[in-house]
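The same chain A turns up in both complexes below, where it pairs with chain B and then with chain C.
And now, the complex of A and B:
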């Protein structure tokens, strides 16, 4: 029998900041309990703050420790700018 | 019908009135006790003690979240451990139960060795049970309020201590005109700046620990300590060595805490006007040279994300009037009344149109404009601004 790891996907919309960080963490932790990889679609996110970025970094580390990865999918322009300004674009896998 | 019957009825009536009056007095005494104290053990023990006397009982036990008792050891043990057995001798037990405010059952039991309890005793014990339950609820609410107040006070003190890690004074360094200010959004925050003058060279660090409030502030104090230690140990080796050292010391603690810190470290030597920078994820950073404003982008991800490779170095020889402006995102991301952000462009325009200002004047102007822009909107994040302006010795002395 072959066991094929699946990649889960979630999509975020609107502001992703300190107010949303806790619920994001709960959802992601639930997904990563059964999956080593996660795709986060950021096309409809218009703002991320440092707390939100820290949550993405935390999830990315957890994925990589489990042999998977966190993939940021199609970040919106505002998100892409922040990722570039902070050079986090060099740390994440972005498609 | 006997002739004494009316007298007997009067006696019974009088006795009932006396009993009713005694009950009222007893309730008054018990109520006075509950109003006297907010200490749970004290008020419960006093209530039980008084109720034991009023009921002429040998022992009383109150069982709720905790158990309290008064009376001799033997009857108390009987009430708390062996109630399911038959009483020894002539002992009788009276029990009253009530539900407290949190829905928990509270029970009070009285034991009397010599005589049966009457109806009035049962009513009084009901009242005692309710009073005990109410007293415990009140005492616990009071205790919770006190603990919350102590916690808030501790939080405030810890926040104050964390913020006190930021330097209060600017160094008087001939040839360098400086400005530094940090305003946390709460009582403490993750924004930081620090500097040391070593052999007439200014070493500085400006950064932002992810997250908000006290957790970010506590980590911020560690980043400041690491930066200062790195200035002294590795400052002469250049900004890359300083950033590498801070990363070596802080990557693991930040990573373990699920945090990261944007951090730009640098040095400015007023003698040569040589500016050197290494930047791990910090933005915005602006360099104004001969009136031309250039944004300096970070070279690496923030500290705590991934272990840094050998950090890159940016070097520039400044002329008098040139300046480095390092802000935090709390300035550029401040929301205005219309929901828009202050933004990088507005900050850049403000700097560009005020190049003749001293560092202190420009710094104060930026803070004023951000506050004006925010209007009634709350401060969204910590605001930090650090400015190094190359000055001749006379200008620097005047600024100092």
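And now, the complex of A and C:
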């Protein structure tokens, strides 16, 4: 029997910037190989730069192409404000 | 708690200040379309949570990308965007921003959030102790530098030694883009300062010492943000030339206290030298 998870969750902490983009992508790609949806908990993230935002957008597109979604879970205040200022709050599903 | 912080931000974002700001944050920006919006978001959220009136000043430096349009489009009520026709160098951008500021305490911070704004309070604590100039320092004990490349490390070590021997400035990192001033100190220093390029920082610290302002440094975290437009080797050469220029200017009386930078015309606190009694450098 194979158990295939359909929604996965990861939690990020600290600063999510260009230095983290590659390892984020690797982990996310690994998860999305088996799952169409992904929840990313952003409560403990204090900063996202444009590269990090681009990674989130990329992951979101991938999920949606597979019929799932990328969900941003409880972003911290700064992350919420950055999403608003970049108008990406309208593009993402944010809880 | 977070509800009220977010509410404070929303109020700041939509309602022009009715009072004089306590804090001004100046961000020089040259072709920062990729980096500046997240920085503005992080700074605004953190500063609003402090609960004091504050203003943000983005001093464009003749950007040729969409920096100006992007920042203007944010429509933030307490963000003052200063647009320059041509690129004049970081020193000129910071100077314009400082002269436009009206806070009691002024911070300038780079557009890439390489020193996280969370460290504002550490610098402020030193102003509260009575310092006039507080600089973030990536070299001070306790500083945490992420992914600084080797060439940069050697470069900054060389600069540090040079600066300390030549100028005896009590600061181990003159170039960190995170510096705080009392308004009086800021107006005084920037009205005398003449270097427009990257060594303006050094000139500012030289002048602070010359004028007897109390200067100190605070160790800061610094994350080398990708996208720096600075060529370390080229800057090193310029820096050494500027070191010599500062000395020469000083000998020629350029920093004499009745010389004011033309940009400072109309600046209220045009800047007076502190009285002899407190001219003791810390």
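Convention: the second predicted complex is superposed on the first by the 90 of 95 C-alpha atoms of A that agree within 3 Å, B and C clash if a C-alpha of one lies under 4 Å from a C-alpha of the other, contacts with A are read in each partner's own complex, and residues count from 1 in each chain.
By definition in this document, a contact is a pair of C-beta atoms (placed from the backbone, for glycine too) under 8 Å apart; a residue touches a chain by one contact, two chains touch by 3 or more.
Keep in mind that what you see is a predicted model, and the values were worked out from it rather than measured.
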item: Three-chain arrangement built on chain A, chain B and chain C clash or fit; value: clash
item: Which of chain B and chain C A:61 touches, first, second, both or neither; value: first
item: Which of chain B and chain C A:77 touches, first, second, both or neither; value: second
item: Contacts of A:36 with chain B and chain C, given as first, second, both or neither; value: neither
item: Touched partner set for A:91, first chain B, second chain C, both or neither; value: first
item: Touched partner set for A:18, first chain B, second chain C, both or neither; value: both
item: Touched partner set for A:28, first chain B, second chain C, both or neither; value: neither
item: Touched partner set for A:51, first chain B, second chain C, both or neither; value: both
item: Intersection of the chain A residues that touch chain B with those that touch chain C; value: 18, 47, 49-51, 53, 84-86
item: Chain B-touching residues of chain A, taken from the complex the two chains share; value: 18, 47, 49-51, 53-55, 57-58, 61, 84-88, 90-91
item: Interface residues, chain C side, partner chain A - complex; value: 2, 5-6, 9, 34-35, 37-38, 40-42, 44-46, 49, 74, 112-113, 116, 118, 146-147, 223, 225-227
item: Residue ranges of chain A in contact with chain C within the complex; value: 15, 17-19, 46-51, 53, 76-78, 80-82, 84-86
item: Interface residues, chain B side, partner chain A - complex; value: 190, 208, 210-212, 255, 258-260, 262, 280-284, 297-302, 304-306, 329, 333, 381
